[in-house]
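Shown next, in structure tokens, is the structure this report addresses.
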């Protein structure tokens, strides 16, 4: 059952009014322009035990995604494909409003939007993840872990997932028998086969204003959000409107144009990381460095 | 405010129906008039509910056909005791807001150390009360200080939809006069859609309850008052 | 199963509909006795029933909001609604759809009128043949109106799909399964606001814009049927 959120942090009236006054003047409380993302820090493969991982800090929102590969049976209607599973955990250490327990509707929504954004454009070549056709395939677990929540979990989560997938290496296997496949995780050579990259762009709607990458304070005040999943060819591969107010056609069209522009920037950022991963690889988690 | 009214009096309207266009002033912003069940958006007047349009003196409002009872100070209500605390009773008045009846209302020199509320009103008892105070931010406070208010000990209690109360009473009490005049029953109509009835015989009671059910089912039927009159006359004649 | 032909040579869809054509739409309000408002809605083979309770007291108490009613919404599929039995335990999909439907209705209901209360919306899919969330949204909106809950507008839901490269209105299960994209839209036609929007699939920018236009056209028709349905039910309260 979905319930109107009742545990939202209360924004002090003065702060709310300040944010609203600034928005009306075309300014944001953290000094950004309406079309700006917050600063993005990226660390690739911070978790060497994972087959691939990436930590993304979007302003103060911090997400780490780890990819694990296990062997299992394919879905019966997809016998010649590997299996993709996306999960999101909003663990209690990330926010005073999060409680322990199974993923709530927000976490499930984030995971499912990312799942669809990867699945629909065939971002991952699942057909190349077959070990014994119809019997044994790789199950790819994309686990997104939110460490610190300051708004726009989705874009941070999508970016960290996409980067983690790009840095995923498939362990080597020895097939002794159908029921005896030995995984050698020490030997990871083959990269995960990908077709293309996808990013999501979340735009907050406040009256007629469009705010790229809303922070938590902004999320609590604005009318609604639209998330656009955009692939590297500029196609729209997913849409999700969230929030408790409707939007006008004109607003949607303006948001769509803006999202396509911002998607180019994020795809460029992914390209930069892929071309020079050494600049983004850290020997340790080095969180304080990111915090700096 | 000059209105070009687009609906007829007593026409059925629905949420989002445009009732009128404001002709003389440019109203850009949103304005909500919940008591009239209308809102104004960009120079147009909309209904917010399923109901009957009511037009008088170039003004338009909507009488809802459905909906729950929301207390108003001064309303007469009939409720059931559903909970007993140390200093007050909790009364179900068929509303999302539970009525609170304080011990002091019922017991002289009330002292929670001395008195057990249960000895005065128990769970399941009906009471006739008035809303003393209510503003939606806290539960309505009831009073039974007044003529005929207090515990209901005899008679029959009949429930109708709260939106039907105005029809049961009728214009200037016309419907109520017919109901009581023809049956010689006494009827207390509470605003929360509960009627307390005492009748001279079972036959008149049955006829009255049937008539009330007709009003409950078809409250906005044309010529309703006349039809109820006819119905009761036929019913009672046959007895 | 092999992918069936979704757009035939004559340009019609697998079930003979034109691309911009809705399935037969049927709806009825006030179908349940216990609830404060209810509706049953059918889009072709998709059959959904919705009930509304409230505004009523909020339980548990810690969920109370001091300045508005909370809305609770459950979208749920019956075990017999699909070819293979669906487990009645709520799936991740149902949890997500409950949320997007709730948010769509929050956009129109005047929740501020009933502080500290709860409005419950229960949607049960009785038979699934594509477009269950949008038919569910339509049914929920009708049930809210039937319960006499004040709101800015009715909301009509309809899904647009892209099948064999063609944009089509109100996709059924086959088109959803084998098509390239599914775009559910919730539209408050009276005040011209989009209250639900998702895309599951791949589209170009122009296709998205064209798809929304098509969805609005379909939703406008459904919206009219919704209003007629409400009118007809309450006409009985006027007629002798």
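So that you can tell them apart, the chains are marked A, B and C in the order they are listed, and the count of residues begins at 1 in each.
Basically, contacts are C-beta pairs under 8 Å (C-beta built on N, C-alpha and C of every residue); 3 or more make two chains touch, one makes a residue touch a chain.
For clarity, every value in this text was computed on a predicted model and none was experimentally measured.
Trainee: Skipping subunit A entirely, trace which chains still reach each other through touch and list those groups.
Mentor: one piece
Trainee: So which chain is farthest from subunit B, going by the mean of the CA atoms in each chain?
Mentor: Measuring from the centre of subunit B, the most distant chain centre belongs to A.
Trainee: Please identify the chain lying most centrally, where each chain is represented by the average of its Cα atoms.
Mentor: Smallest offset from the overall C-alpha mean is found for C.
Trainee: Measuring centre to centre with CA averages, how many angstrom lie between subunit A and subunit B?
Mentor: Roughly 53 Å, centre to centre.
Trainee: Find the geometric centre of each of subunit B and subunit C from their Cα atoms only, then give the gap between the two centres in Å, rounded to an integer.
Mentor: 33
Trainee: Could you put a whole-Å number on the gap between the CA centroids of subunit A and subunit C?
Mentor: Taking the average C-alpha coordinate of subunit A and of subunit C, the gap between them is 28 Å.
Trainee: Tell me, which residues of subunit C touch at least two other chains?
Mentor: Each of 108, 188, 191 in subunit C touches at least two other chains.
Trainee: Which stretch or stretches of subunit C touch subunit B in the complex?
Mentor: The touching residues are 36-37, 54-57, 66, 108, 110, 113-118, 145-154, 188-191, 227, 230-231, 234-240.
Trainee: Would you pull the subunit C residues touching subunit A in the complex into a rising list?
Mentor: Where subunit C meets subunit A, its residues are 62-65, 68-74, 92-93, 95-96, 98-103, 106-108, 111, 181, 183, 188, 191-205, 207-209, 212, 216.
Trainee: Would you tell me which residues of subunit A are touching subunit C in their complex?
Mentor: Result: residues 1-4, 6, 105-106, 108-109, 111-112, 116, 120-121, 224, 226, 229, 231, 234-249, 252-253, 256, 260 of subunit A touch subunit C.
Trainee: In their complex, what parts of subunit B are in touch with subunit C?
Mentor: 10, 12, 14-18, 32, 34, 37, 39, 41, 46, 48-52, 64-68, 70, 96-98, 136-137, 163, 217-223, 227
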